[in-house]
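The first chain written gets the first letter, and so on, giving A, B, C, D, E and F; residue counts start at 1 in each chain.
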Amino acid sequence: MEMHPKKRIDIVLEAPVLKRLTDLLDRLDVTGYTVLPVLGGKGHHGVWSREGLPSSAGAMVSVTVIAAEENLDAVLEPVFALVKRHIGIVTVSDVAVLRSDRF
Amino acid sequence: MEMHPKKRIDIVLEAPVLKRLTDLLDRLDVTGYTVLPVLGGKGHHGVWSREGLPSSAGAMVSVTVIAAEENLDAVLEPVFALVKRHIGIVTVSDVAVLRSDRF
Amino acid sequence: MEMHPKKRIDIVLEAPVLKRLTDLLDRLDVTGYTVLPVLGGKGHHGVWSREGLPSSAGAMVSVTVIAAEENLDAVLEPVFALVKRHIGIVTVSDVAVLRSDRF
Amino acid sequence: MSILDLAFQNIVSPMVLFFALGVAAALIRSDLSVPEAAAKLLALYLMLAIGFKGGAEVAKSGVDAAMALTIGAGILLSFSIPVIGYALLRLTTRLSGVDAAAVAGHYGSISIVTFVAATEALKSLGLAYEGYLIAVAAVMETPAIIAALLLARRGAPAEAGGESTSALLREVATNGSVVVLVGSFLIGWATGAEGMAMIAPFIVDPFRGILCLFLLDMGLVAGRGLRQGGRSLSPALIGFGIYFPLLSAALTGLMALGLGLSVGGTALLITLAASASYIAVPAAMRLALPEANPAIYLTLSLGVTFPFNLTLGIPLYAALAQRIAG
Amino acid sequence: MSILDLAFQNIVSPMVLFFALGVAAALIRSDLSVPEAAAKLLALYLMLAIGFKGGAEVAKSGVDAAMALTIGAGILLSFSIPVIGYALLRLTTRLSGVDAAAVAGHYGSISIVTFVAATEALKSLGLAYEGYLIAVAAVMETPAIIAALLLARRGAPAEAGGESTSALLREVATNGSVVVLVGSFLIGWATGAEGMAMIAPFIVDPFRGILCLFLLDMGLVAGRGLRQGGRSLSPALIGFGIYFPLLSAALTGLMALGLGLSVGGTALLITLAASASYIAVPAAMRLALPEANPAIYLTLSLGVTFPFNLTLGIPLYAALAQRIAG
Amino acid sequence: MSILDLAFQNIVSPMVLFFALGVAAALIRSDLSVPEAAAKLLALYLMLAIGFKGGAEVAKSGVDAAMALTIGAGILLSFSIPVIGYALLRLTTRLSGVDAAAVAGHYGSISIVTFVAATEALKSLGLAYEGYLIAVAAVMETPAIIAALLLARRGAPAEAGGESTSALLREVATNGSVVVLVGSFLIGWATGAEGMAMIAPFIVDPFRGILCLFLLDMGLVAGRGLRQGGRSLSPALIGFGIYFPLLSAALTGLMALGLGLSVGGTALLITLAASASYIAVPAAMRLALPEANPAIYLTLSLGVTFPFNLTLGIPLYAALAQRIAG
């Protein structure tokens, strides 16, 4: 089947900031995003786990955005500006999709 | 360590259809799949969130399939035929595995 | 934006072994990891689902590690030695990050 | 108590107010939320409790011809209400055939929480009801789904369908909420007063409080739906969400004349007919009619008809029942 | 009440029927499910409640030599039952050494839900029991794991093991279910009747209802296991899942002759010995003996032995206890 | 009962002991855990129950000038305590301005679980309190967040901030826990004794038991925090976590002289002032002051101040209140 190259942006970010991130994505040139729960992790800010927390502070989420290659920088820059003040990481990788027009 | 190239298929799909997708995968030439919960997202069908829902309608899941490159089309075609009638997206990317015989 | 190539290691592993894996990662040369819940799946050991289980036996988790390319083997070898005795799979893929020094 | 008193008392009950709190929280974009797992646990509790209570009631009162008759009436209503709804929607709105079929299907099926709220209102009025109405609720869940499917096939024979109908029927018949409701009903029936004595402190005493929590959650979901999907609803469609339950109620009222139910039982049967599903049917529609837009049917059912029934509908249905069977 | 009456009454209790409902739902492939978080909350509740009640009971009755003796007997049973089970499995089935050790380990440990169901049955019979049997249940959870590990090492010294045994022992001893059970027992002991009065409306009144919900879930898991893992079980293995509990029960009955327990206490000790773990031990086995096939031990323990004990086993153990200590 | 008796009785209450069990389990690295969804459900229950009870109390007692006065005092305290705390932290510790502001903000806000534990202690002492103190608790949640933000801006005007303050204020004001607390309070007020009668078996009877479960979870989180974040806390900071609540208590005691509250009400107002938030404020701080280190403020509030208040603080505050208003 014919495939079209796109970019996949993965953002692991502290949960209280999620709404700001999705509000930002709404303003950017992306067709959508997917939010996954994260159970726990470790980074420069130490170890954490979602278990037992009755609040979103201390929890993380993972947000995936499939974007067109030509939009990559236009998306990455504001996303990174938001993420860098918070606990989180951003990675980018190559993916292929079937319906190019949808991303 | 010696690595073997494979294809990773990621399917974000509405939860009520999950059983049909896994039934389909059972019939195809794949050795397995992994299902992740999805908290929420946005696409052409609008914004949604899993929170508060007492039913699987309106919820999404993410299914990952690691497949041999030569099987890719044989897997993608029926999967895409199922997904395209529903709310969902399919992406494909390159991965490497250690035990080639297991996929 | 300037991006730096890294390796992404994804480990789908039975949940009771998670603590051993993270203890191992703590001893290796990685800056962090992220743990995602897994709802269910299928592999050589059969079909399983997290639903209804009051214990971690029979549940799976997915652990993602972003590592420097030069560390890949040093991380993969002990990780694989642990995983291969258990129910689980390991895949490796290419990603790019913005802040190279953080991984 | 007059019908107006009941309406007022109903509106200021903690249950309705917690629903309103949920809607308000969603509209002011509060981050208040109930985790999916918690919502499912609450829904499971409600269905288990209501099913068991109904069965225990039947164990006490015994089975009679009226039960078989009322169950038959329920199945008939669940099949025929979608047909009427579909015709009205096609006439009065611009919904596509598939969307109209999906919406109509929701109104043929039932909302178990509306049913539960009605039983609470009856309790305030001191009205008893036949325990087997739970069984009626259970049998009314699914015929409407089949009706919707047939309506959609008629409208767009090529498009609709896809997977085999028999696979769909199996999925619908083994739907979790139907299984719990029917199973708990049978267990309540089998174990009767003794079983009830054992688990009443769990399924009876805290029931209304847990219902409040669940309604808070339903309010959150409904409010979120209205905020996001409100634009999908035309005035004609919103009107349908209000007048169609009344129409179904009137129809059922007529039918009830021949069933010999008590006032409470009549009120519940009317409530079942007038209520619209938002748990079982939406999931089935995603399988059966994936082309139908969920923003339309979910928002209309949960955001318009459910609150209408919860506040004004139930007192009206009780008043209607009083006329018919009083 | 005769033993047959009890068996019958036990089988038609809401608890057992909800378990059966869960199994049935899984077998007809219903999408009914209990979210993992809800299942964990229910399990936590049950362990907290049963632990606390046991402790409060001990606070009332005081400590005596019989308590120490029974705890010692429990540890001994938990160690020795796996050894016998292993030998039988190797003789009568084709299980590998590691699989046989893992299965045997489950039968040395205990099922807290079976224990709880037995206490409910005793309540119907009007039989009291010593509160410290909760403590016995807690100490019996883990020795069996160590026994299984030693058996597997003996069978396949090179393969088995891997991580250090001391690390495993630490993990097993700090297992969450043991910690809650022991901790709640101690808190119940420390706060006694006063503490009980404070939290009884939570841990006593709705207990049986919540147990029903949990058993519905266990039925779902067991039914799913049978559907998927049923083929892993040979007839000889299924037989083991039924006769071995009876053997453990007989052995424990003999031992109980010297312990001076009440009839109720004897019945519970026998039940503990005859029950097989499906919460704590499977998780430990994944760490200790990853080569063992979970489809075998989980399906046998939860899909065969648990329902057997729930329905027929408990009445039999009560009858046996009546002979011994009556 | 003497203050020492109360302190002792308080420490050996099931609530405090379950908290201790949680801490112990975390420190021995048990895998015991409460799923996030379950913890959120428990927190929702506690806030709904406490809010409703407060509102129902006000419906009974009516509104008076003292209520307005005490609400005003609460707002004033929530604003001013962070200012004092910030100054002390800058003087006595090496925290950065942003970290000091974030920590101070937690102490201006309140811990609803500490409040609830204090109401339970008052019940043991037979002391009544004004129902509107729930409303005071609700209004004290957020001013402290604004104070912290202003303090941080003063300290590092360039760095701090980022997103617009008005967006933050909106997020803080619509915080889920505030919405549930205030909403349930209003519903309790509106439905009064009748509403209470309907849902008391859910929000009153099992309340203390559910609180035990929640405190077990809080203990697990606190213990894990201490194990992982303990190193972030200098002795001076740990000292602050103990003496600062006492200081806030003394300050509030003075203020209470002019409010005309009952002994119970005075004790609760003091407890609110002395308690530190660990649910609403940490989430707000991640948005408002992301540069502040969560390991510091969460560990100090939940790992040091919360257990101190739970065990020794509450009896002390009750004794202080007896002096002031007795």
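Everything below uses one rule, namely that contacts are C-beta pairs under 8 Å (C-beta built on N, C-alpha and C of every residue); 3 or more make two chains touch, one makes a residue touch a chain.
No experiment lies behind these values; they were computed from the predicted model shown.
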Subunit B and subunit D share contacts with none
So the chain most remote from subunit C by C-alpha centre is D
So the chain most remote from subunit B by C-alpha centre is F
Per the C-alpha centroid definition, the whole-Å distance linking subunit A and subunit B comes out as 19
Distance in whole angstrom between the CA centres of subunit D and subunit E is 41
Touching two or more other chains in subunit C are residues 19, 36-37, 56, 93-94
Going by residue number, subunit F touches two or more other chains at 31, 33-38, 40-41, 171, 177, 205-206
Chains touch one another in the pairs A-B, A-C, A-F, B-C, B-D, C-E, D-E, D-F, E-F
Note: in the complex, subunit A contacts subunit B through residues 1, 3, 6, 8, 22, 25-26, 31-37, 61, 66, 93-98, 102
The residues of subunit A that touch subunit F in their complex are 14, 16-17, 19-20, 45-47, 49-59, 85-87
Within the complex, subunit A is touched by subunit B residues 10, 12, 36-44, 60, 62, 73, 76-77, 80, 89-94
Given the complex, residues on subunit E that touch subunit D span 12-14, 17-18, 21, 24-25, 28-38, 41, 205-210, 212-213, 216
Listed in rising order, subunit E residues that touch subunit C in their complex are 33-36, 39-40, 42-43, 162-163, 171, 177, 214, 217-218, 220-221, 224, 228-229, 278-280, 282-287, 290-291, 293-295, 298
